[in-house]
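Labels for the chains are A, B, C, D and E, by order of writing; each one numbers its residues from 1.
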Amino acid sequence: MDLFLHRRADHRRRCRGPVDQKGIGMSEPILKGRGLIKRYGRVTALDRCDFDLMPGEILAVIGDNGAGKSTLIKAISGAVTPEEGEIWMNGKKVHFTSPSDAREAGIETVYQTLAMSPALSIADNMFMGREIRKPGIMGKVFRQLDRPAMEKFARQKLSDLGLMTIQNINQAVETLSGGQRQGVAVARAAAFGSKVIILDEPTAALGVKESRRVLELIQDVKSRGIPIILISHNMPHVFEVADRIHIHRLGRRLCVINPKDYTMSDAVAFMTGAKEPPTEELAA
Amino acid sequence: APASAEDISACLITKTDTNPFFVKMKEGATAKAKELGIELKSFAGKIDGDHETQVAAIETCIADGAKGILLTASDTSSIVSSVKQARDAGLLVIALDTPLNPIDAADMTFATDNFKAGELIGQWAKAKLGDEAANAKIAMLDLAVSQPTVGVLRDQGFLQGFGIDLGDPNKWGDETDPRVVGHDVTAGNEEGGRTAMENLLATDPMINVVYTINEPAAAGAYEALKAIGREGDVTIVSVDGGCPGVQNVADGVIGATSQQYPLLMASKGIEAIAAWAKDGTKPEPTEGKDFFDTGVELVTDQPVDGVPSISVKDGQDRCWG
Amino acid sequence: MSDNVTTDKYESASNREDKLAEFEVHKRGMFGNVQHWLHLTPAAVPLIVLIASILIFGALIGDRFFSPFALTLVLQQVQIVGIVAAAQSLIILTAGIDLSVGAITVFSSVIMGQLTFRYGMPPSLAILCGLIFGTLCGTLNGFLVSRIKLPPFIVTLGTWQIILASNYLYSANETIRAQEIETHAPLLQLMGTKFQLGGAIFTLGVIFMIALMIVLAWVLRHTAWGRHVYAVGDDPEAAQLSGVNVKATLLSVYALAGLICAFAGWALIGRIGSVSPTSAYEANIESITAVVIGGISLFGGRGSILGALFGALIVGVFSLGLRLLGADAQWTYFFIGVLIIAAVAVDQWIRKVSA
Amino acid sequence: MSDNVTTDKYESASNREDKLAEFEVHKRGMFGNVQHWLHLTPAAVPLIVLIASILIFGALIGDRFFSPFALTLVLQQVQIVGIVAAAQSLIILTAGIDLSVGAITVFSSVIMGQLTFRYGMPPSLAILCGLIFGTLCGTLNGFLVSRIKLPPFIVTLGTWQIILASNYLYSANETIRAQEIETHAPLLQLMGTKFQLGGAIFTLGVIFMIALMIVLAWVLRHTAWGRHVYAVGDDPEAAQLSGVNVKATLLSVYALAGLICAFAGWALIGRIGSVSPTSAYEANIESITAVVIGGISLFGGRGSILGALFGALIVGVFSLGLRLLGADAQWTYFFIGVLIIAAVAVDQWIRKVSA
Amino acid sequence: MDLFLHRRADHRRRCRGPVDQKGIGMSEPILKGRGLIKRYGRVTALDRCDFDLMPGEILAVIGDNGAGKSTLIKAISGAVTPEEGEIWMNGKKVHFTSPSDAREAGIETVYQTLAMSPALSIADNMFMGREIRKPGIMGKVFRQLDRPAMEKFARQKLSDLGLMTIQNINQAVETLSGGQRQGVAVARAAAFGSKVIILDEPTAALGVKESRRVLELIQDVKSRGIPIILISHNMPHVFEVADRIHIHRLGRRLCVINPKDYTMSDAVAFMTGAKEPPTEELAA
């Protein structure tokens, strides 16, 4: 098996990779990555990286700056195409060549940079790339957008999430504060993500109160049965919400731990290389 | 309101308003118009070949209620539709300097024969070289790669006068005679003249005859020759007859130039419009030609047999600009 | 684990007061309202400038200017620049710039003419070929910009010279005369067809320009493609991540711009009657001027395409007005230079005070 | 407080391993080393292209091209564009663009000539006035860009038309003849002074161009002002925050560019002998072409000014080489268009592979 | 007194403003701001804000997103000019119109955006705006930079701070990782700041290990007797290093607390408005 080969090739990678392989009471991963490689010029951002997301779980990904976390989730969400390696979704091999591919498959991502068009409205941004067209001839032939429907849906979603009350859904995103933008981005992902939601440092720029709202939202989404990948540098947040923690180091998965079994200190020590990860870590 | 003399207005549309030739044409027209109490508006294209601005100018004149238009067309065929529109609106349209294509598209043409102007300097250069003409090395400094008509006419006229087979007379550059070293473009100014001359000299340093589209280009070509010390043994010919150009003939920079009379064309044109506004008479063409020939004279102090010419002194008396 | 429990305690403090963050509602005075409206309606400023300049020239010149004939004359005079400015606007909205528009325009018209007269093709087919050729030129630009990722300014600086040189080489600098076109291929002059409404004279080309602008404005506002054009111009990376196919959008914009330029080439034949390879040589600078005066940002993503129409008309009104006032042509250029700077300064000022 | 004590515990875990973060030392092969050097030396690519094109044309054409005469001829032909390109480079390094350079150049030369001949000023004073005038034009551009904060493209699009129109209006299109200048004010032709070294002919203007480029390259690299120019082009806001006076830097760059253009105007008199208001009308596009081929980024902050010199020379070598090969003038434009795109594509490629 | 007027004008602002006014064992503030106002269009980022920094202390500034913290420190460091209000330094009124003014006065700032020129080298960036010129005629007349001296100093400072070992001080900043850039920015401030050092969210983008280094650096600088202003959303960091905490809310100082007297929960509650601040808070 390829797992075996990997272990031999790299002696530092000790903890057990694909945790489901034990098969005790675990279902198949909804999203699975194997041997992903991505280089930027001379930098190897992903170095034969593996990855597993179980149904219904919150998986936190932690790691130092530049460890390749953002690159990993970009590879999963189609924003970059890995040079090698494979991704499975629900046991079927997938090949996303653009973010829209992944979105069509039900994977929604909030990128670290938010990915909004500042001059366009909140509604435009929420529906970017999956606009609703008018019914009948205007929509089919002339491809006219159904603005009222889009606006209604957007307003609905934003209030549903209780993140904010928007006065004017046609306001340009650039007129929103950083926290409000973050809210719109998260709302967009939560509204459309039917299979997986990925959040890259959703609370990095947020104040305490806003961060809390986002954490509540994450748990809310989880309760709807949708699994979440959360990237964060904030250990308390990670330990609060995560079911499992994927520790990323030097472009690959170092190990996966269960937050109930380890302290934050342990996690940080693994992540920074201060401590060797456990040889057989069962992250159930 | 019935037209009193003060109400008569006329338009002058030139190819550019940066070329001294047209600047002088405008001065001539302005002076004559003032004398006759006509209100004159002048228009021009941005560069030689810009006929769209001329179309807009004709339309403006119609809107302005002008009685007549004096036009030096940048594109002799393209402008015809607009000219027709103006004539239909009751304006007298006189082509100056450049005949339209077809020539009767305008009410009358007051022009120099540009082909003839070229021919004169071609004949002169040939006679000047004598037997050496058979081995001449000719540089052709033209106007622009878009080959505006006036440039083609002068160029082909020169070659005809020199006795070189023209190929298609409607364009330059298709001649096969080995005496033609090459064509290059000058934009009709000194800088272009110098660069083009240098390029052709690099192609063949033994060039001994230089045709130039106008006198500024000739001045530039002279600088290039001077730079390699050959200014004395190369014959430069040109067309226009502006005062600086004639002065250059006097100074030996240019061997001979064909002089044209833009002031005359312009003042004749204004007079014709005045007459048309007064009693509807149209001007008559020169005997035996289908246009009113304002004449062209070869200006040189080295006259040759068989080519009529006037002296530099006379040229200076009649020069413009 | 004790530490994650204690750690989180402080955060819950923030939830005690549960007032939601709200968008501020600003109270504005009359003046504030006007500014706000100007800010939200990017084509409004050029429209106001246009109306003001018509009124001022009308007052200065009187009936000769303020007649249906003269006013529709402006429309006829700006039609080519206006159509090209529509193409230019699309490209500038994607934060690009196209220096080759004029070259594409004139080469397309030359192709329509030469195919008909040199090779005896039926005019309708020749026109189709011309339109396809324009689209291909645009596609070439789009390919270099979107795939090879070269800066648009440089790409079109190169293709401008390439296309223009090819144009002279192919056409052999031959003009096809209006009379011949009229007799043998009147379809080429279709866009020049005139009809009168009172004293106003419209041509099909003018109608085409106005219709094109309105259709494009609608498409940009009301279709997904239009929104994507704005998103790409605003921030291409964000657009890519939020699911827009940036490459395809850019390619389609450049190709469409090429097609519009080819239509401008057709309209050009209608306007000047003949086919001349020296036409439209300054259409690039003139169209950029129109777009800039029309308030479309050169940085992309902001502005309305109708602004470009107003921008072209402003230049047209100024040119005609100054000429009728008897100003020297050089003064016209002088004032258009001043106008460009003034228009953008005013626009900047409005954006600043109403921010 | 107990919670801040427990909270921090986990962070100290990271300190157990105290290896410092280190910059990676990359091992590169031969090819890698070359790429790296090319990446670090932005003027290297155009230099290589220049040498390659000289060799290729030399091989194709032989002695006529590969002679000191022809090679120094290229220098003479590019001197005006080269000097103007130095000014353009400075502006493009600040992420600007200057369309008015040609207009400033020709108006400055006209002022030098007209002050001498129309008003009888001593030539030295007239030249000084011309240089001051150029600087003032540049300062006007700089003022509009740095204070009113208008985009450089638009500002110089406007001032281009304004200055050029003023030039024609002021000069009344009069040319001052070379012979007159030679007799009455030879100082105006100073830059045309020739001297020979073997078969090579140099003029003072050529020496001036090369010296200017070297001095500017040194200043940009070795003075604080030079570093500030790069910083402003790179990220004006960051430059401002880290203590650079952005407005003053921009103003000084535009003013200096104006001064350099005025020097180009002086060199122009030396080159063409006479003073003609119709010269240098395409210097803006030609200088931008040289800068772009020279590998200076239009987005500012990257590239070496020597690249612009090489860029100008590449265009010169191509023009002369193609003419000597007997190509039609149109073909020269065609190939320069291809050259622009190819040069930038190669540059992009090198940056990509060596990133 | 103006303090009294303010209290009357705004009943929510209860805690004692300029804390030194008590005068018990306190020296004069080294940096003092009074009634600072700054508007952006219709947003009032600073609303009659007061501010005090004592000699040798670490003053943390906390507050929600958009509370105006960055604007406050920009006003102090000359990056924006407040429309109204006064700033005193060492008891003398100062008026900074540009960041270089403040830097000449000895105030160094690490901005949230780092303020580096990506294409220039580390050494160039460290000396931007205060370059060293060669001695003698080359420097005086030709204004040549003394590169060797600048490089030596830069290398020295970076290693002094133990933040990193730089291979090549002439490396362009854009080739550094986020953390390394942050390090250079902090090193620049620490190297030149003779009177006050201001850090705006210096750890926001950093990993755990890098964050720790920055915190150590802060304490290091303090031990050299230089006072520090630290803006951060990270409560544990703030409570670890701060001597006093300035709580910013709605564009002004709500109150100043001593971290020894209050819990993080209290601070967050004040900051978000969940709890009223103490009427007489003595932040000594």
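Side notes on the structure shown:
In the analysis below, contacts are C-beta pairs under 8 Å (C-beta built on N, C-alpha and C of every residue); 3 or more make two chains touch, one makes a residue touch a chain.
All values reported here derive from a predicted model rather than from experimental measurement.
Hopping across touching chains, the smallest step count from subunit A to subunit B is 2. Using the contact threshold fixed earlier, the set of chains in contact with both subunit B and subunit C is D. Distance between Cα centroids is largest for the pairing of subunit A with B.
Each chain's centre was taken as the mean of its CA atoms, and the one lying most distant from subunit C is E. With centres defined as mean CA coordinates, subunit E is found 41 Å away from subunit D.
One finds 74 Å separating the Cα centroids of subunit B and subunit E. Subunit A and subunit E have Cα centroids lying 34 Å from one another.
Mean C-alpha position of subunit B lies 37 Å from that of subunit D. Along subunit B, residues 17, 145 each make contact with two or more other chains.
Of all residues in subunit E, those that touch two or more other chains are 179, 208-210, 235-236, 263-264, 268, 271-272. Across the assembly, subunit C contributes residues 3, 7, 9-15, 165, 168, 328, 330 that each touch 2 or more other chains. Every residue of subunit D that touches subunit E in the complex is listed here, in rising order: 1, 3-4, 7-8, 10-15, 20-23, 25, 222-225, 227-228, 230-231, 234-235, 237-245, 301-302. Interface residues of subunit C facing subunit B in the complex, by the touch rule stated above, are 64-65, 67, 69-70, 73, 76-77, 80, 165, 168, 172-179, 271-274, 276-282, 319-320, 323-324, 326, 328-330. By the touch criterion stated above, subunit A contacts subunit C in their complex at residues 79, 98-100, 103, 109, 111, 113-120, 124-125, 128-131, 133, 142-145, 147, 162-168, 171, 179-180, 208-212, 235-236, 239-240, 259-260, 262-264. Residue ranges of subunit D in contact with subunit C, taken from their complex: 2-3, 6-7, 9-10, 144, 148-151, 153-155, 157-162, 164-166, 168-169, 285, 288-289, 292, 298-299, 328, 330-334, 336-341, 344-345, 348.
Chain contact summary for the complex, subunit B toward subunit C: residues 17, 39, 41-44, 46-47, 49-52, 55-57, 59-60, 63-65, 74-82, 101-102, 145-148, 152, 170-171.
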